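As structure tokens, here come the structures.
In what comes next, chain A is part of two complexes: it sits with chain B in the first one and with chain C in the second one.
Up next, the complex of A and B:
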């Protein structure tokens, strides 16, 4: 395997409110290889977005990256730990938009409302690529063409409120791709769009990725999207990655009870009327009041009484490369685990 | 944009026409007229008033005519000949009385408006981005004090300070030796030296209001996703702020011109009396008390014109600033 593009280890992003601390991201480990699509999945509030924002160091205050490393292999060959940079400093700014770019969830509000699409894109190009205004304009037209914006020259002069949701998201993607980043972070880019537009945007991201050879970190809670685009998958629960595996292993050989619960709760074709959909019991715990031991144990159907509520599982690497945080899979537990638990 | 401006201009003319009718009617509302209050005044002083004299006066000023004829005489004079009529009390053309005061009133108002903007803009931005800092709280405190203390009181304090510590002549816009002198560089300098007190006094409340408006607007905008986008694209922090959220937060800031300008012209009456400023406010007040109707009516018409022009300017500025207004 080649050198990874991004290596995150033990990343913690905490929000100190008054005397208490919300641990939004609490020890995440993740690797993104060049050209690869990694999907980050999990329920609302599990820390996916904050984890993505931590990479670019744009966590809103009072949030702070408090521990861990985010090693980015820069184009120059240099390795930088983004977690150690000053979030307002010049170095992180030279990475934002240039090497790591981000697409946001809300195309309605993620673009400046009183500037034209063109001015926002050319501003970014001129900031990073040091080209003339005219050249920046040409590149902006080119990137708008690339994201499938009809009549790109005219759209350059359009304001975001003049575009439909799908077109805005294309403009947003064009902005993110304007400086040819090597890593694109997409934070639920299709959630706010209707299903047809969703499919178009997904295809677009996939095509552009193949064309430009960039890596994509795709954040979503939609497992259908995951099946369609992911190379590998990381499942997050309460600020931690609980399972990380190749996409086929996730769908066919999920190890963590939480992942299996998520998969069971997908509505299937052929479900009978009146038949209930499987759900994961209970609610995501209040982040102020995190359960002891494994934070998933109160909702886990395979909970081992007396162990899961006391011992915090560590990261276990299985022979096929899957990494999982679960006592069922820790080596000294494996032989005594209940027979049904490993299927 | 041109069609927008034209449409606004037509609205403006219609509004002014309605205002002129309304202001004329309101002035006529109290019983009696200038002549009857003059006669009452003279009788009170024990003078004999000849009925023939009264009738002659009534004829001369057209006071016996029906209201709509009086209105027509007045408004047609203004529109067709620029003649605002004759002031009863001063026995001079209204236009010369008004122009005398309007120039300085406008100068002072515009200077105050720029003062308000220049102070409120940076402080407003500062107190939004450093929301809970000592400086922001200090700005809030000073702003609220400025808002809460009546202008005339601040005026008195400033008059005391300038007299006690700077040895300046107090009140008015000129030192005595320049009062009736013709315009020269020295007189302009003297004017500037006198202007700072009224500017600060008149501007304090407006500044405080605008600081709060700017702060609140910007706080709303600062957490919008597009600010995060700009930051995520690698723009330096000052560009992220000034180019994106501040641009949007400017809208209500600009739309305040509409009411700040006429507010300064008409609302400064008490301050103008205390500071003995040759502004329009005291004269309007006096003309209303004596039912000097052509003077009062013309004043009100001019103030309304200023209000409408202020609104027009702010509308045009807004449309220029915000494409969402321009295109819908």
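Up next, the complex of A and C:
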């Protein structure tokens, strides 16, 4: 077995707001192997972005990483717990943008408005790599070419606002890839794009990954995108990973009722016109008002009364490697589980 | 969920495909581009450029295309929220004479805007944050003189119940609701005045899949219950396929293809439609890498500086010299209407070719 690149366990990121605590991330476990694409899916508000930001320690205040470990196996061979680092310290800064880079839904989150694309990329390169300005510039042109930016030399002089949405997305990706990170965190980078542009950007990320061997943690709420790019998938609900499995198992052998509900509610091309979609009833509860027991129980069609509303399921590892947090799958429940457990 | 809904049985309601409710002929919406303090007109944004279509009573017509192609402008022009600069729009009420929307006077226009309503994508910006939900939904009832006083409140409470919200919420403000709930409020507001035509402009685009499925189900139930006709503007073709009887595809302000959903999805006849279908992510990892995917190079055409000939030609894999000079007209090909010179000779890929 290869050494994982990133190992997260028991991660909690909480927001203290006016006396109450919002548990945005509440005990997440996750592994990313070198070169692998892990997709993190879940409905909005379930903590995907805060989980991603926790890795780079860029959670906005009053949010704080309050528990858990984020072990990164550094290029040097050393293992560092990012959760234990000072978010403003030298070590995390030497990792951010260099070994772990991030792209966002809104490119202006990463691109400053007052600097040209070229100077932003060359600055990033020079911050981490010992190269001359001229060499950095050449590398910037190379990376812009690589992300499919037309006329890259001219685009070096462009300001972000002068580019179209799709081109700005490419510029942001170029910036993130400029130092050849080993892990790219992509937080819904295609959500705001047209499907046509999304398809091109997904192809691009896939190609670059194959070429550079980097791992990708890809956050999305679109299961179609997951099916297109993931090796493995983590499904989040209310700040926790409720199911983690290989992509094929998620789509063809999902165990968690939430995952199954999500799969039933996606519209699919090629299905008869007018076919009714199934839905998950109700909606995601407020994170400061977490239901008792299994936090999915109020919406769950397979809920066991008297049990699911009382017992908080723990993480269960099934023989095929899938990890699931659901009482239907906890060992001592298995004799009663299969009826509803298989689709 | 009802048994009927669960089995996916489609109730066609009172759909009569022969009676037009909205007839659009040669519609143009051009915005002037001005420069300098004198606001000299230096060009035109041809947001909608000579499009014609009919919406039939009882159907759901989808309107799709990449952002900026003119979908919203088309919808708004039907209600004259933006002024058309050319063409003809006729609204035919179920029990009355056709109304020429472009020349309609104040009263006539008011009647049109009661019969034809809009639901928007972003319920956050379309709901006034300073008004309680009751007033937001009741506004139209008051304005159109449909109800007054306590009657308004009763109707609003009914409407809230009908869209799946509790009537007790009537005094709450929009911020106290989730995105899905706000969309229900937007729907209640549109339906409160008993319209017969509803334009849903990206009404489910910003919602999570589970909530999206709930709202789609609600829209379908309301359609049957209130005998509605929908113009469903969207960019997610999988959603469109679920809800629409017919689909119109726009590119750079023009209609490039229109026809029954089933046949457009199975056998698209415009290269742009083929590319749109091909770009939709397929939610099954087992079909990954199978079948050739069409990728659109370059950017959406700039509607203030359209390419010559067929506006799609710079991105079209089938383009020839003729496409650079001669503009294709919309014409019948099979069950569809298509604007491509080669619509009857090209064999394009539909969703059947890689259905999971």
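By definition in this document, the second predicted complex is superposed on the first by the 331 of 343 C-alpha atoms of A that agree within 3 Å, B and C clash if a C-alpha of one lies under 4 Å from a C-alpha of the other, contacts with A are read in each partner's own complex, and residues count from 1 in each chain.
Operating definition for what follows: contacts are C-beta pairs under 8 Å (C-beta built on N, C-alpha and C of every residue); 3 or more make two chains touch, one makes a residue touch a chain.
Not measured: the values here are computed from a predicted model.
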| item | value |
| --- | --- |
| Fit or clash between chain C and chain B when superposed on chain A | fit |
| Partner chain in contact with A:84 - chain B first, chain C second, else both or neither | neither |
| Chain B versus chain C as contact partner of A:195, first or second or both or neither | second |
| Contacts of A:161 with chain B and chain C, given as first, second, both or neither | first |
| Chain B versus chain C as contact partner of A:111, first or second or both or neither | first |
| First, second, both or neither for A:17, with chain B first and chain C second | neither |
| First, second, both or neither for A:221, with chain B first and chain C second | second |
| Partner chain(s) touched by A:301 [first = chain B, second = chain C, both, neither] | neither |
| Per-residue contact with chain A, leading partner among chain C and chain B | C |
| Minimum distance between Cα atoms of chain B and chain C in the superposition (Å) | 10 |
| Doubly contacted chain A residues - partners chain C and chain B | none |
| Chain B residues within the chain A interface of the complex | 223-226, 228-237, 243-244, 247-248, 321-324, 327 |
| Touching residues (chain side chain C, partner chain A) in the complex | 1, 5-8, 10, 66-67, 178-181, 208-214, 216-217, 220, 235-239, 241-245, 261-262, 265, 275-286, 288, 293, 295-296, 299-300, 351-352, 354-356 |
| Partner chain C, residues of chain A touching it in the complex | 43-44, 164, 166-167, 194-200, 202-203, 221-228, 230, 247-248, 251-252, 261-263, 265-281, 283-284 |
| Partner chain B, residues of chain A touching it in the complex | 53, 56, 58, 60, 88, 93-98, 101-102, 104-106, 109-116, 123-124, 127-128, 159, 161-162, 172, 175-176 |
